[in-house]
């Protein structure tokens, strides 16, 4: 099902890194038409080109050249049904809640609501079933909401790894443990982000809060939804099959594309062979693609056979960065299987995931 | 014991990356004096500055400016007792064997003899006890050698990780398993080495043969020496306590300094706490330092407390790159403890280790 | 005029850097269809994917996946009318001449024929009038050629600067002198090209032969064609208005996009103002665009107003790299006007220029 | 003349990039002993290691580990005779003036007083004769100062080029014009400075205010001091031989070391040959070295003969970065001679110059 007429949408945090990406992606979208831009009071009142320090490799789309930036208040977005939020965590909480209360659907990249027990944390290539929590989120509001809800996507490094993990669980049953070491691109930190003196000819072996996010978010995404005796839904955090995850996060001098080395152990003994894993990953299809989301990649996971791939510079733009690349699938002498994942942190790791989530919401009837 | 007069030494592969480093380190060494240089026939007969594409940040030492390069044949090194070999693996095997046969002591950086059952593979900050294999190596020669033997140091990425692993085993008993992800500097590949088009704004998630080296060499280094019924010594490959090691090796756009993320599981239950690990690593002292090797670092392992260290650009030159840095010591949710190691691949990971091994050989009486 | 049916073309040096780019550009070309691939004897007989180390960010086009690579001999290209040559200078001379003799039209990126007095050196955004030399080139052959000729494009750094210089001469008359300092991307050196140890955290202030090329090629391109008393045409090397050019070429750690700082002095006094220069550059239209070449950029020169543009990472892909960016137009206290140029060295600086030249040749009737 | 006992000095802006460098250089200085540290009120009261984000490759010197940071007020520096200022321009003006009023000698890296008509702008390898302005500066104060004065060093990119220019003028008489294109390291912008997203795989062809500084400062430094009819001294800005300078400044992805391409035209006709220039530059000796400054480099200008030098990574640390490297000396087809300069922007381009100026001040008797 596709919308009969295009849905008017807004972008919050429109001058930021993720906001710019939203604008580039929404410039020619089959479902959505960009109608309003929100940013800080410093930018409000300015035409977009005057308000933004545009850092995309494509020019500012013609459709927004004359748009005036507003403050991030629902009153300026009355004609929109949906907003995409690229707001910083410092301000995202209150603003996104206000937009929900005003009956807008909010697709957020911020971390603020990811741990909320009624907010779905959806990686669109993985767990679209978590939309089922939306009705409960609406009813908790007083009065209950008819249209509004908040839905978040995952941290960029979580998104990369959770796609192949979901594919493995689908094919071979629950995972038992997973050790991940990331090599994350500088664009993951936004702008101005990482000072060049910290990262040229260097590695920073630490990203504040990142390891905790990966270890926690993965459980919410890979877990299911259960109901208690009062028919209340809750995210089960993969609790039926406890999954231990250990992440080590590093910043590397790469502009775009997070590379992650992953080792996993399966509950099932014996575990699958590398070749079985290869086939299962290549065969995995996302709900988003099956349901016809226009931004969904045909290859959810592209499996590389060459020994030295994936590489961020060569592979990050494949399918416009909407899929995930996996290579070097082989046995791990400590756990069972190890492999290397590459995900485009600014595409599937951020704005593209929000837009896919919005496409899913339209198709599933959560946006009207 | 230090030598009464300086020992004459040669450098094989003198024009290569490791050879240049040997020359820089030997320019003012308290034990050794550089006496002869060997390289390929293409360089032979030329004065050193004409033969070399010097890529060090310090100028060519005055003492070698007028030296003429010879071919790598023992007849040109008759006055030397010791040679340091920075030869490529393609040619190192035959040449190093010929020098040993000619009663020279060969300290090699090449991989050719690392798996030889009578050649010690010594990381000087770890297993100087493996010198005990030298007499047996000499007796296998026909006729038995009086002076000559070959001793290798480890691969640069092995060296970084094996130092803290040895410290942990010394303090807490045998390790059971270890997962390592490396982020290796381009200088580890020599010159011309990695093409810039492959590594600027990029990661290459593969280094040919590197993971196998790390997984095998670590066992030889951390293992002991046993004797069979015929009183023959052999390296036990840590077989009394099987140790599983899984390595994933990546090339990153860093000039110098290999960073490695390590998770370990101890045989002992409960395992030590992060604080105990911190203290044990900081307290570890190498034999090389205890015995007075002039190039040994005072801090075998420097333990960083800041959450974002060690970093290659800031920490690789501490103690002239002769020690190892460890930081981010914390619990691992899958194994027991995880941490980040930094080792200077061209110093302790290559030339400095050979020179420390030679200093140990002098002190222990294996070089006269 | 566009061809009624697509013209069959071949690529020489198909596995190299420029050859790969030709293949990517020709995959969906409105005039040309890729019919044959040539490379060294080492690659001949292999299917293209097995012969090539593909380093483009897009996958190998489906249309060449099953093509077999041949040696670079005309007998294997009999059905082609045109070949695009990405051959190295070491072999390009003889091979390209052989293809011309076999009546093929050769569009070459190599330097071998650039100084040939009957071979046009055409930057398609500048001097398409030099096609007029083709008939004379054909008649010098014995017997005279009916179809075959060789046409070269310029060195990548020449191409960047000659476009705005041509625009300035068109608007304001002859230039008198020009000082250029380049900051050239590593991709300009092909693969493996520049060793990473030479260029990460570094500048190499020298590129062999590059300054001479820039100083000489610019004169041939900006100059006209004169006739002597025997009605023989010759390139006049801008001799009616001697133009002094001084170039300093540097390699910088940028993947793609040559940046050049240019100062010029005009013959005309007083010289134009910066604003007049700005307008003249923005107004300049290439013959290639005016004649309808499908690969010609709408903006031959994009003039940036922001003080910190053009930048290679942000601007190199604008118009698929087919145009040239100019910014920072301002007065020079020594000469008259100075500005900064950015040109994509692998697009307009190499393969795109050859293809534009071929499009011009079709439109002008030199290819049938 | 060297001081009998060490002179107590302070560092203003002690936590910043230049301040850290001052501290590293002063840790073992033969003339000076570090006695007090000044920084912003945010840092005041903290021990230095707690106040600073130390980014040097050597550890914090033991001598400052226990020092407490003060605010930048003269009352906290009463025992010091000298302060080295690494303050930002936003605050340097008032603070440095206050220290001068309190009879301290201020060696400043900030731009605030560089254009002051009684403040010498001294590149210690060039124009130590400008100390002659100090008495007049003191007398302008009310009441006249006995000890205090302010002396600045030049902008980092000016320093690099002015040394060979001074050597050329000394040997061959006045220059008439000079065109300079710089490729400047990120460390020139301090910390956090240049965002990594702006500079990895990129060039920024603009540095705010930099070209104006280079064009103006060079004239003050290379010019002399004249006296008017009232016996008042003034800097003549090279006015007896007008010198036109045109600079184009670029930021490049290099950590340390500014590279500059320079073309010059001499007033004298015919101009010197490249070989004469080579010899003159190599022969140039600074007053600072001749007078015995302990930090002065033996080779004021190191002249490289290899065609591809100087390179920042290989040459920036020669002589601890206190000298200047020049290479590629050759004819310029537009002006007379062109060459490439490399200067370490954080050493001779900043802190080392201040310290050399202070050494000169001691030797010349301006500090007691």
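A few notes on this one:
When the chains are written out, they are named A, B, C and D in that same order, and each has its own residue count from 1.
The working rule: a residue touches a chain if its C-beta (ideal position, glycine included) is under 8 Å from a C-beta of that chain, and two chains touch if they have at least 3 such contacts.
As the structure is a computational prediction, the values presented were derived from the model and not from experiment.
The chains touching chain A as well as chain D are B, C. On a Cα centroid basis, the chain most remote from chain A in this structure is D. One inter-chain figure worth recording: chain B and chain D are separated by 42 Å, centre to centre, where each centre is the mean of the chain's CA atoms.
Centre-to-centre, using mean CA coordinates, chain A is 43 Å away from chain B.
In terms of their C-alpha centroids, the spacing between chain B and chain C amounts to 49 Å. With touch defined as above, residues shared between interfaces to two or more other chains in chain D number as follows: 55, 198, 200-201, 253-255, 313-314. Of all residues in chain C, those touching chain D in their complex are 177-179, 181, 183, 198, 200-206, 208, 215, 244-246, 248, 250, 252-255, 259, 261, 263, 307-314, 327-328, 332-335, 338, 340.
Across the interface of their complex, chain A is touched by residues 55, 186-187, 191-201, 253-255 of chain D.
Those residues of chain D whose C-beta lies close enough to touch chain B in the complex are 55-59, 200-201, 255, 313-315, 317-318.
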